[in-house]
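Each of the next two complexes has chain A plus one more chain, namely chain B in the first and chain C in the second.
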Partner chain A sequence: MSTHDVPETFSIPVGPLHVALEEPMYFKIDVKGETVSHIDINAGHAHRGIEYLTTKRTMYQNVVLTERICSLCSNSHPQTFAMAAEKIAGIEVPERGIYLRTVADEMKRVTSHLFNVALLVHLVGYETYFMHMMQVREIGQDMLESIFGNRQDIGAMCIGGVRYDLDDKSIAYIKGALDKIEAETKDIIKTFKTNGSILRRTKGVGVLTHADAITCGVVGPVARASGIDYDVRREAPYAAYDRLPLVVHSLTDGDVWSRAMVRLEEILTSIDLLRVCLRDLPGGPVNINDRPDIPPGQAVTRSEAPRGEVIYYLRTNDTPQPERVKWRVPTFMNWDSLRFMLQDAKVADVAMIVNSIDPCLSCTER
Partner chain B sequence: MNFLTIFARNLKQGPQTEAFPLGPAFTPDRLRGRIEFKAESCEGCRICERVCPANAIRFAKTPDGMTFDCWHNTCVFCGNCEFYCPTDAIHQTNDWDLSHVNADKFDMVEHGLIPNQTCVDCGATALNTAPMVKNAKPPLSAEEYTELRARCPKCRAKYLKNRKVPA
Partner chain C sequence: MSRLPQDLEARLTAAAPAGIEYSADTDQYGVTVAWLGLASAADLSPVAALLKELGARLSMITCTQPSAPEEEEEDEDEESEDGEEKAEAAPKETPKTFGGTPLDGTSYEIDYHFDIAGDALTIIAYVPQGGSIASLTPLFRNADWHEREMMELYAVKVTDHPDPRRLFLDASVDGAVLERLIPFSTLVNAASTKGLWERLTAAGKKGAA
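The block that comes next holds the complex of A and B.
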């Protein structure tokens, strides 16, 4: 081949271990110059066999096991699993338990969204602001550690209610922490709307049109940023969401900036919901204070994890172990849309676009 | 807040990182850390063994009684054992400092023994567990509790049945 016959396209690997990727995902990217012309997505690097393992553990052990599927949605998984078990056994969660479930859910959502948007800023290259945002998130992490005893696996859920309770002192502490996070989040939103570096790198990048979003069936903030006004908390309320003033944020541009903005607005909504929950917190028991056997049966439940809709299918039999547990996580729906987002993108934006769907491979590949 | 304000605030506050190991680390009261077992309040129901997702808890019958072992290197610190324990015999302390040299890895165990005793009524050998009297009505007095505890399970049932309940 002479020097004049340089091929027009090159194929470059991104991942599974890559400096800019946060998740072990493998992309084979064909580039033409600096532009992506075709991508191949390959997964399977984080498989741990948890689905099989759930059938070897009892229902009560599985609440803890499902919590360890994913660290950032570590409340949504056991909650949806417990909801399925309660549906089969016909267990009614006490009113206070319902509110406390919502509190745990929204606290995790705040820290999860802050983490994702902070990583976006990191990939934009604005390291100072990344450090600042992680410090804001640290207020939330300290809150989780102080209330639940762990920064990530908060262990709030049990079949029949929640495992923790709040007293006046902890409620005052949460309120104080929320005030701090709210003020900082408002500043972050202002920065996202005005900062040139962030706007130039994220506006109009990785666009997922409304039509493509429907084709891919995306969920969560990715769907809402493409103009799909859908939130499980509103469409199929669980926990205490039917009693709360939930605002669903959606934008129409479908670019990286919109997805970050939807997440930032959702942080403020979560803080509002938390305040209402703490104000209206009813008295009484937090769980059923019992450990009933779950009868044979099957159930499907769903909830809105920080990344989108998570669906659980549970089938039980006469043994203490479930016969089958299957979950569909939001990233499974969202990563196909990367084919549309990455098409004709610049190579330098690939990591940022991948991060914008907030991928979580540990729950997708479990 | 513009960046200069954040800068000024951070300059005043100093580093956000903790000084550990030179200073104390942030440790909330509710932190779920090392397991603590109180053999004297254990009922011997072994529910902790069944709900432990990591199988870190093991009970074993020995000539001296029943032993309890919680392997901290297997434990995932989920707190299921404490949550389901009917008598608060298991407690998660907020001690998180579990670092140790490799030679000590088999010593990271919380050990307890529920000793054997001889029943004061029938003379049989039985475990000196805490009696399951959570739902006894009216609640047992301290004296009754001691008397009940000194008996084997069969004689305990008899004792509770023959207990004079004031009308």
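The block that comes next holds the complex of A and C.
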């Protein structure tokens, strides 16, 4: 019992623009001393009305528009949208296109995961290692730029296949880049398992229990770090994932460290998948080389973006514009779990815990 | 091949006494996508409870206003709460869903997309203009944000929602934004630096005075 006559709790704002937050989200945090007792999440700082815009553009324009929803999973949006259109129209993507889709997907996953874990190290306060990790990620970004001509919105997808092709020279270049990233990632994993600074800040912090993870319906690495062994690539395969040696990584502690670890292990798996894709890359066309009208219909398609399950609902009618496009990104599901992770956390850990769900606001609010 | 239970359709029929429309197809990867139309939106909660029992995860909720079939003229004079009986009593010009909700371009179709061990099941419920639907939050906590977003994009009401505040749109914006035509210049108002600057300076002057 405190003898001082001071209020028990204080309310502090974190965000929407805050030095330690990467995204404009507003958290109203009630603290008791150094401990978080309650949080309120206030969204809406990056709402752009893209859902409305999709119904004003044609199906083919929307492939370009959906890529602009997010930068880190910019490949997953047009891919899932195109999958929905292909399902309605009964379009079969050529084999080479299917493999090249997987290649683009996994390359983006490698750089996205490296980015998130690097930011975690930055929030831990280990700036030298943050810069080193961003340097490693830069190998991946250079790879994207060399193959696609862009570092973020790679423009790889189209309805009926992909818009890029690989030759022997570019395949050899990708393999060389992957070798470098793989060696570095193995080093990073070793550091994450042994470095005292990282372990002390991240182990047992921001825990999401298995039961809470199921209640919140979280997806992606956040779910897998809390023991939910679910990956769309394995559970509902698309592209070439049904014939690749996919390993799904899951851990049980549900803390910040586990979420980072799942991402790091997934980078190695992505590199393995990329090597198999490049080895088995079939010949033939990369797309259907046609722009057929998409008939009226509806479809639900899903894919595993770096942050987890992306789901698209598409309804078309007789016009070139879709009647309704709706999608839900993994982060939309994961925000709510922060209420559990931040409960009784230390104020100093708030930014780090928020970062550990790999939040993407432009995706969430569209 | 499907991971949905063999007797799913029978169990869903039992859970929804007003009637269902069920279809499913499995793609070349062995992934099943099933669609379940409900004749009455009142059956949503019992059906969702059954899915929860089966370990389903709510993945997304889509609200949409299906446009009226083209051969029919727009007919907006009636809003029937209980369409099924009315449809039998006095057939109207307006086309209806199999459950009797008028398809005049003003009714809402609400799709609840579930994941069951990798297979997808979508429950489709129809709500007439001015109608409401029960919140799924007692069964699925993560319906919260989806329903809040639905309430700000459309004039559809969700009953018993624990936190029916705006989600993304500011309270100063009129509701049902997807039901109105909003000129692009209005939509991107904040993106115009000049307009934003003028508004802020005007507000600043007012504050200083």
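Heads up, the rule we're going with is that the second predicted complex is superposed on the first by the 362 of 366 C-alpha atoms of A that agree within 3 Å, B and C clash if a C-alpha of one lies under 4 Å from a C-alpha of the other, contacts with A are read in each partner's own complex, and residues count from 1 in each chain.
By our rule, a contact is a pair of C-beta atoms (placed from the backbone, for glycine too) under 8 Å apart; a residue touches a chain by one contact, two chains touch by 3 or more.
Quick caveat, the model's predicted, so the values are computed rather than measured.
For the composite obtained by overlaying on chain A, chain B and chain C can both be accommodated side by side without a clash.
Of the two partner chains placed around the shared chain by superposition, neither chain B nor chain C is touched by A:E95. Chain centres taken from Cα atoms put the angle at chain A, between chain B and chain C, at 90 degrees to the nearest 10. In the superposition on chain A, the chain among chain B and chain C reaching more residues of chain A is C. Contacts of A:W335 after superposition on the shared chain: chain C is touched, whereas chain B is not.
By the touch criterion defined above, A:Y238 reaches chain C but does not reach chain B. Of the two partner chains placed by the overlay, only chain C lies in contact with A:G217; chain B stays clear of it. Touch criterion met: A:Q135 reaches chain B, while chain C stays clear of it. Of the two partner chains, neither chain B nor chain C is touched by A:D272. In the superposition on chain A, contact of A:Y60 is made with chain B only, not with chain C. After superposing the two complexes on their shared chain, the closest approach between C-alpha atoms of chain B and chain C is 14 Å.
Taken together, the two structures place no residue of chain A in contact with chain B in one case and with chain C in the other. In the complex of the two chains, the chain C residues touching chain A come out as 27, 29-31, 33, 57-60, 62, 64, 66-67, 70, 111, 113, 115, 117-120, 122, 140-142, 144-146, 153, 166-170, 177-178, 182, 187.
Residue ranges of chain A in contact with chain C, taken from their complex: 43-44, 47, 49, 51-52, 87, 214-217, 232, 234-238, 242, 299-300, 302, 309, 311, 313, 315, 317-318, 323-324, 326-328, 332-333, 335-336, 365.
Those residues of chain B that touch chain A in the complex are listed here as 1, 3, 6, 16, 26, 28-32, 47, 50-53, 76-80, 83-84, 92, 94.
Per the touch definition, chain A reaches chain B in the complex via residues 57-58, 60-65, 67-68, 128, 132, 135, 138, 142, 145-150, 153, 155, 158, 163, 184, 187, 291.
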